[in-house]
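Next come two complexes built around chain A: one with chain B, the other with chain C.
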Partner chain A sequence: MSTIASFGFWSFVGIVAGIYTLFALGVQVQFGFAGLLNFGHVAFMGIGAYTMAILVVKEDLNMWVAAGCGVALAMLAGVLLGLPTLRLRADYFAITTIAFSEILRYVATNEDRLTGGSQGTINLAGIGRTAQYDGAWQSFLGKVERGLNVSGDVATLILVWSVAALAVGAVSLVMRTPWGRVLKAIREDEDAVASLGKNVFAYKLQALAVGAALGAVAGLFYAWQFSFFSPDDFAPLLTFFAWMIVILGGLGRAWTVPVGAIVFGVIFAGTRFFDFPPFSLLDSTERAYVRLIVIGLVIIGLMLFRPQGIFGSREEMVLE
Partner chain B sequence: MNAPILEVREVTCSFGGLRAVDRASLDVEPGSITALIGPNGAGKSTLFNVVSGFLAADRGTVRFEGRRIDRSAPHRIARFGLVRTFQVPRALTRLSVLDNVLLAASGHPGERLSGLLLRPGRVRARERKARERATELLELVRLESHAGDYAGVLSGGERKLLDFARVLMAGPRLVLLDEPMAGVSPTLGRQLVEHALGLRADLGMTFLFVEHDLDMVMEASDRVIVMNEGRVIASGAPADVRADERVVDAYLGTTLSL
Partner chain C sequence: MFQQLLVNGLVTGSVLALAAVGVSIVYGTLRLVNFAYGDYMTFGAFMGVLFNVTLGIPIVFSALLAMVATAVLSVALELTLWRPLRSRSAGFMSLFLVSVGLALVLRHLIYLVAGPQPRTYAVDPYKVYVIDKVRLSGAQGIAIVVAAVGIVLVGLLIARTSVGRMMRALADDLQLTAVSGVRTGRVIVAVWILSGLLAGLAGVLAGLVQTSFNPQLGFTLLLPIFAAVVLGGIGSAYGALTGGLALGLAMELSTWPELAGGVDPTYKPVVAFGLLVLVLLLRPQGLFGRARVV
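Coming up: the complex of A and B.
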């Protein structure tokens, strides 16, 4: 059976799309709602994943507690990143955030005693002793498998998408509250919002922290799904995948994120395995590059014909 | 005379070599409707920006109800009870007209994440009250039929009215209006002035406004402050200011019809 038709392949695509949904939802909160150009979002994913893995392997902490610590630390990092930088103009803020994520990646690569270095989490317990942080996840997954009588992939798929759906729902709800109203108003004109007595800076910090928490949760699932990761998994490219997803789906709405993530996931993972013409003319390595071209073309096409994204609002797009 | 609600003392604010405001001092009496007039470039808008905290003065002090505010952030000043509008209206275009007004509700527990989680009942009650008030204000400025529309579809004049409704929603004690009547029909403008007079009578609200329509200034205000080239050159009752030679000089060449 060809890969493209196999269920295992599509459930993998589904799991990745679910992780991307959580990850990109953070960008939607920060940019789509609060207008913050965060180009270092991947750092929060890395902080979530690494904190959890390190605390489990080195401190022998309960994995779920460690996961909570990962999310909390990512939120703290969001606040610490925001404190000195949020007063900068949007474009300067964007540059600092990308530097932030790269600095963290380099630190993770070089601090091998803390992180396992460039070899990744396999070295967390020291060279030669294979470290494992996801024992609790595997046994939990096993219970879900038996309980629902499904395969491991399907169990992961269900878990990722349950959390993603909860997160999308929660963000949708919160954006309809007065808190969300202030956030959207800041995106429109922060001086006007300040003139009405709202502490714009505090709201931006909160948006950063909420987005960071979502990024960290995505990082946890990433760590559990792949059982092993290294600093290079958290390169800036991943941040831009999240941006592509948000733009594909449409800005300023929570439920467009899973749509963007699924479209992105199918194009990105799918094109690699498309074994019908014209893709069959290329070998799989070549196809791996073709998918980037395909995504680029889709985004260019979208910007030309549907700049608001698949489900964004054209009406909102043209307002001045 | 009561203690002034707003006291500006020797405020200087320069941009590079240009002194936009040059040792300006003025008082605004509580419960007054004070007009700030002067030719283009006199420094009126810059002074507004200093008073509301959007620009830092190089020198001088600003007091609101006796409290120094010249080093306070704009949102702090707004919370003290001094709220402004902008010369170019700041409609939040991708929010509904109603949401634009609701945003100005002060002390709303639903604007805190903790309030949303811990006191959902209070949030709902406050939101209901805010909606009632916002709807009233939209009716006042005749925008109620646009309540559900994006603010971005409003015309320039309608955006001025939206700003006016929003600033009243914030419930301030001193309102700074930067050219509130620009682009607003004279009939509606007159109604807004009447409403402002009512708010002053009922709530003791004070108004300081910049306006170019001098007929409106003479009719609506009980005190006029005149600026020219960054300085305050005259202040007093409208009739006195109209007779002041320095004021006539400042306006010479601009066909003054006082």
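Coming up: the complex of A and C.
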């Protein structure tokens, strides 16, 4: 059977889209609702994944507790990042946050004793000993498979999307609370909000922390899905994918994020099937380049022709 | 040791400084953070390979030709992409994201055409200049001389020529400049030409300094370049020059063993970003930026 018709392949695309939904939802909270130009979002994903893996392998901690620690640490990192940088002008903030994510990536690459270095988590337990952090996940997945009588891929798909749907629902609800309305007001005019006696700085910190938690959860699923990761999995490119998803779907709404993620997943995976000329002349590495060229062109085209995204409303929010 | 690091710092710093000026003048006039700038540099570096290695032209002339080619690319993109976007009154965010998309397109086009294998310029690898205790490879020697000339020329262009004056006026207030009778469209093209020339030069120099490079060349330098721009104050050309040199020196000198053992060389980029964060905490508008909107 060809790949394009294979169920396994598309369920893989679905799993990745689910992970991206969680990841990009963090950007939606930070930018779409609070107006913060966080371009270092991938750092939170890395913190979540690495904290979990390190605590499980080195400290022999229960994996679920370790996962909780990962999310907590990512939120703490969000607050620590925000404390000095939120006072900066938007463009300076954007560049400083990229710098933050790159610093963490360099540290993860070079501190082999803590992270396994550039070889990734396979070296976590030291050279010559293969490290595994996802034993508890695999056995949990097994239970779900048997309980629902489905294959492993489908079980993962169900789990990822349940969490993603829960997160999207929760964010939608939270944005209707007074807290959410204050966030949106800050996005529109923070001086006005401050003049009403709201602590704008504290609200922005909270938005950063909530976004960081979502990024970390995405990181956990990423780690479980691939059973192995290295610092290069958390390159700045991933942050831009999240931005593309958020803008593709539409800004300022939670439910547009899964739409963006699915469209993105299909574009990203679909370019594998360019098997007609001239693409049939290219080998698989070259097709990977073509895929990224297509992604780049989609971003440019979107900004040129539909800056509010597929389901965004111009009244609610337009990119300026 | 110290002198050697100092010279290395000057070499790294002048490449960063030239590129930072290229980013900064575009930001100053158009409020565009050009995330594709690193890939403009890569384009320049690979045009350098085409002229120098494939066609066998000496490296200095190849660098000049590569600069011209990059300037042509830069102007072509202004006419086909940035100008239409501005006429649709695209804002800061849209422009930034377009440049992210453009960066992906350019880099992978270069991958597709040139391939991922490492490239080297045809310069004598065994030539070494020894000045007192300092050793410079032939490539580093060329880089430091060319960069010094480039920096002086750019400084003069911005400070002394009428085009430079118009560029600074435009950066200050676009409407006011237009009202005073300056043809802003032409000045913007001039800005892109200068920015492209600098990208081509910085790309070839970076390729010379690193001895071997692949299409990631410019992108890996982009964040230190942005750090240099921010350090000097976004939009300030002199600030970018100073920021680049300061950052290059800080990165190399931080590895000096007598400075509390020195930093592991792999952490040089972290030093750059750390310095950036530190400066922003103390002076949020950058070293030379104006404090009006912080």
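The rule is simple: the second predicted complex is superposed on the first by the 305 of 320 C-alpha atoms of A that agree within 3 Å, B and C clash if a C-alpha of one lies under 4 Å from a C-alpha of the other, contacts with A are read in each partner's own complex, and residues count from 1 in each chain.
Everything that follows uses one rule, which is that contacts are C-beta pairs under 8 Å (C-beta built on N, C-alpha and C of every residue); 3 or more make two chains touch, one makes a residue touch a chain.
Bear in mind that the values here come from a model prediction, so they are computed numbers and not experimental data.
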First (chain B), second (chain C), both or neither touched by A:Gly296: second
Partner chain in contact with A:Trp179 - chain B first, chain C second, else both or neither: first
Partner chain(s) touched by A:Ile247 [first = chain B, second = chain C, both, neither]: second
Partner contacting more residues of chain A (chain B vs chain C): C
Contacts of A:Gly197 with chain B and chain C, given as first, second, both or neither: first
Which of chain B and chain C A:Leu37 touches, first, second, both or neither: second
Which of chain B and chain C A:Val107 touches, first, second, both or neither: second
Residues of chain A that lie at the interface with chain B and also at the interface with chain C: 319-320
Touching residues on chain A, where the partner in the complex is chain C: 37, 84-85, 87-92, 94-96, 98-100, 102-103, 106-107, 109-110, 240, 243-244, 247, 282, 285-286, 289-290, 292-293, 295-300, 303-304, 307, 319-320
Complex contacts: residues of chain A adjacent to chain B: 174, 177-179, 181-182, 184-185, 187-189, 191-200, 206, 252, 315-316, 319-320
Residue ranges of chain B in contact with chain A within the complex: 52, 54, 73-75, 78-79, 83-86, 90, 92-95, 99-100, 102-106, 108, 110-113, 116, 123, 127, 150, 152-153, 166, 170
Complex contacts: residues of chain C adjacent to chain A: 33, 81, 84-85, 88, 90-98, 100-105, 107-109, 111-112, 116, 223, 226-227, 230, 234, 264, 266-267, 269-270, 273-274, 276-277, 280-281, 284-286, 293-294
